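Look at the two complexes coming up: chain A is in both, with chain B in one and chain C in the other.
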Partner chain A sequence: MPTAKSSLFNGIWAIFIKDGLCEFRTRYAVSALFMFALISLASISMSIGIVSLPVELTAALLWVILFFCAMAGLSRVFVQEQESGTIVALQIYGSGQAVLFGKLLFNVIVLLSLTLLVIPLFIIFLNVDIYRWPIFIVILIMGDIGIAAASTITAAMVAKSQGKNALFTVLTFPILLPQFLGSISATTKILANIEPNASEIVFMAGYNVVLMIASSILFDYLWYD
Partner chain B sequence: MKLALGLWIMGVVYAVFYMVPPVEGLGDLVRIAFFHIPVAWVSVLAFLLSAGWSLQYLRTRDIRYDLKSSAAASLGLLFCLLATISGAVFAKLTWGAYWNWDPRQTTIFILLLIYGAYLVLRTSILDKEERAKISAVYALLSFLTVPFLVFIIPRFYFSLHPEPVINSAGKLEMDAIVLYVLLAAVGACTALFWQCFSYIVQNKQESA
Partner chain C sequence: MAMGKNLSVQLLDVRKKIGTRVLFEKLNIVVNPGECLAITGPNGSGKSTLLKIIAGLGQPTTGAVQVWYNGKQLDLEERRACLGLISPEIILYTDLTGSENILFFTRLRGLRCSQDQIEEYCKTVGLAIYKDQLVHTYSTGMRQRLKFALMLAMQPVLWLLDEPSSNLDADGKMLVAQIISNGLAQKATVIIATNEPWEAEYADCKIELV
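Presenting the complex of A and B:
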C-alpha cells in the first residue's frame, strides 16, 4: 500500500511543519528553554568560580540541565493544543500515528537545537575538555531522542490533567531513567577521555526504539475515544 | 478464611523466630529476609497485576478493571515502601549504610517512583473515563522499564545484594527448614495482599 504509507509520511511532515511554523511565529519554546539553560549553567559556574568539577558531576550536570530544560518546554506540543482548543480539530483531521510522530520529530529538533546552544556554554562555563567529538555527538543525539520519545507521549497524558507542568516531570522521569543513567555514564567516560563501550550506545539506541514502538502502540488508545 | 490467614501468618512469625537457625555471617539479621523477600515479591507482583488489568481495561473499556488496577497499585506502593525500608535497615546493619545506590536499591526506587507517578496521575484527572484510560496507558508504558531495570542495569554495576547467591548457587546450601519457612512467608504475604485487594475492590464497587 504505497498510498497509505506516503499519506502517513505526509501527515507526519504536515504536523511537524505546522508546529514548526507556530514555534517560529512566537519563538516561545526555544527562547524560554535557552534562557533556562543559560541561567542554570551560569548560576553553577558563578557559585563554583574557577574550580573544575569532577567528571562524574559534570556529566550528570549536563544531563540534568538538558532534562529539566526539556521538562520546561516539551509538554507544550500537546498542552498548547489543549489550551487553545485546537486539539479537537487535530483529532478530527490528523491520524494518531501522524500526530505522535510529527510532534515527536518537532520535539527532537527543538531539543537538538537546544543542545547545540547549550554545549558551547557548557564548555565555556564549566571549563571542560572534550576529546572524542564524534562519539560524544552520537551520545548527545541518542540521549536527546530518548528524552523526546519519553516526553512526547507523557505530554499527551498530562494535557488533560490538572497541574500539568509538575506532573509532566513526575511522569517522564521514571520512564526515562534507564536511558538517563546510560547517557550519564557514557558522558562521564567521554569527559574522562575513555572510549565508551559499544554496548552502551546500542543500549541507548535500543531503548529509544522500544520507547517509540510502545508510544506508537499506546498512543492510539489516548488519541481516539 | 480470614482466621486461617491470621493463623498462618502467626505460624510463619513463630517459625521465623523460633525454628530458623541463625545464619553464619549474618546471625539473627537473617530474620529480616523473611519479611523483606515476601514484601518485595508482592510489590513486583502488584505492579504486574496492575499493568495486566490496565491492558484488560484498554481492550474492554470495562471500568471494573480500572478499579482493580488502581487497587493493586495503591497496595503495591505500600508493600514497595515496606520492602524499601526493610531493605535499607538490612543494608545499614550489614553493609554499613542505609542507602548506597546498589543496583537493587536503584530498581526498587524506580518502582516506587512509578507507583507514585501513577497514583498522582490518577488524582489529577477528574473525568472517570479519561482517568481510567490515561492511567492505564501510563501503567503499560512504565511496565516497559521493567526488563531494563531487572536484567540490564544490574549487569552494568556491581551489586552487594545477596539475592543471586540465594537463588542460584546457594540454594543447595540453604537448609530445608529455611526454604520451607521462606516459601510459607511468601505464600502468607501474597494471601494477605490478595485479601486486602479483594476488600478494597469490593468497597470501591459498592460505592461506585
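Presenting the complex of A and C:
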C-alpha cells in the first residue's frame, strides 16, 4: 500500500528527474542548445578574425547567444508534453506548482550547464579577459535563472495556445527585457574591469523572484482552467 | 489526500454544447462510494467528453459537477488528486520504462511506491517481465495494461474508465473485470464510459447518451 508524504518537493524532484532521464536518452535539447552556441561563437570568431570587439558589444553577444540558445531548446519542456499527449497524464496526476517548478529547475540546470560549456568557448573564440570571476559567475547564474524562468512560463502559455514555437520568442523577450539589459550592463562592467554596483545584482535577483512568483500565480490558471 | 474511500460524484443539470450541436443536457445523477455509473452511447455521443468534464479536464456549457469527499466539496486540484483516469488520452512516457512511469507518477502525486510494490502491480497486469523495457517497445495492449498497473499503484478513490478494455485480449478483459470488481469491493467510486455490454453490467446506474 503506498503511503502519502509531503508532496510538493517530491513532485518537483520527480518532474526534474523524469525530464533529465528523458533528455539523457534523447539528448534533443542539449544537442540543439550546444550546437547553436558553438556555431554562433565560431561564426563570429571567424568573421572578426583577431580584432577585439568593444566590451559593450562582447557582453551583448554573450547574452544574445545564451538567450537564443534558450529559445532553441527550453520551450521543449511543455511543447513536447503537449505534442506527445503526455500532458493529460501530467494534469491528472501532478499538481500545477510541482510541474511548474520541476520544469523550471530542469531548465535552470540545462542553461547553467550550457553556460559552463559556452564561457570557455566565448573566452577563446572572442579573445576575452574576465577580471572578476566571482561576480561574473553570480551575474551568469542570475541571468540564467531569469532566462529559464521567463522561458518556462512562456513555454507553458505557448503549449496551451497550440501556437508552438512561433510565439515563444515573441512572448519571452519583452518579459525578459529588464533582466536582459541588466545582465548585459553588469557583464560590460566585468569585461571592462569595473566592479558592478551591488544594486544591479540585487535588481537581477529581485526580478527573478518576482518572475517566479508571477509565474506561480499565472500557472494555476493555465493548468486548471 | 488520505485514501479512506468516501467520495461521491454529483452531476447537476449538466449540459454540453459544441458549436451548434448539443451533446447532452439535463444530466442529473449522484454516484456514491462503491457504486458504478456506466455512460453508454454510440461513437460521438459525448461519453469521453462527459468523463473529461467529471475529471475536471473540461467544463460543461451549463450545470456543474460536484465531487464530495467526507462531506467536503473538492476543488479542481483536490478532485484531480483523488482520481485515476484510464483513457486513450492518457499517454505514458515512451522514453521511460514501465516501472519508471509508475515510479514517476506515484512520486508526482506524493506517494511512496517501492520497487517490490511496482513489481507486484506489474505482475498483476501481466507485465512483470516487461517492466524494465522502454514503453515505446510496448504494444497498445501492453500500454493499456500499464495504465491499469498505474491505477493500482495510485489507489484512487474515484476511478474514471474510458473504454477500459479497448486493445486488450481475452485475458486482459478478464483482468479488467477483476480489477473493477476489486475496486468496487473496496468502495471506490467507479464511472465507466463504454460500449461493451459486459462492462456496463457492473453499473448501479446508467446514463445513455444519444
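In the analysis below, the second predicted complex is superposed on the first by the 216 of 225 C-alpha atoms of A that agree within 3 Å, B and C clash if a C-alpha of one lies under 4 Å from a C-alpha of the other, contacts with A are read in each partner's own complex, and residues count from 1 in each chain.
We take it that contacts are C-beta pairs under 8 Å (C-beta built on N, C-alpha and C of every residue); 3 or more make two chains touch, one makes a residue touch a chain.
Since the structure is predicted, the reported quantities are computational estimates derived from the model, not experimental observations.
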- [ ] Examine A:Ala14 and indicate which partner it touches, taking first as chain B and second as chain C; both and neither are also allowed.
- [x] second
Open item on the list: Just to be sure I read the superposition right, which of the two partners does A:Ser161 touch: chain B = first, chain C = second, or both, or neither?
Closed with: first
Open item on the list: Just to be sure I read the superposition right, which of the two partners does A:Met46 touch: chain B = first, chain C = second, or both, or neither?
Closed with: neither
Open item on the list: Just to be sure I read the superposition right, which of the two partners does A:Ala198 touch: chain B = first, chain C = second, or both, or neither?
Closed with: neither
Task: If touched residues of chain A are counted for chain B and for chain C, the larger one - done: C
Open item on the list: Which partner chains sit in contact with A:Val88 here, chain B, chain C, both or neither? Use first/second/both/neither.
Closed with: second
Open item on the list: Per the contact definition in the header, classify A:Leu177: touching chain B only (first), chain C only (second), both, or neither.
Closed with: first
Open item on the list: Under the stated contact criterion, what part of chain C meets chain A in this complex?
Closed with: 1-3, 55-57, 76-77, 80-81, 83-85, 87, 89-96, 100, 104-113, 117, 153-155
TODO: Enumerate the contact residues on chain A facing chain B in the complex.
DONE: 153-154, 157, 160-163, 167, 170-171, 173-175, 177-178, 181, 185, 203, 207, 210-211, 214-215, 218, 221-222
Open item on the list: Under the stated contact criterion, what part of chain B meets chain A in this complex?
Closed with: 58, 106, 110, 113-114, 116-117, 120-121, 124-127, 130, 133-134, 136-138, 140-142, 144-145, 148-149, 152-153, 156
TODO: Quick one: which bits of chain A touch chain C in the complex? Just the residue numbers, please.
DONE: 1-8, 10-11, 13-15, 17-18, 21-22, 25-26, 84-86, 88-96, 98, 224
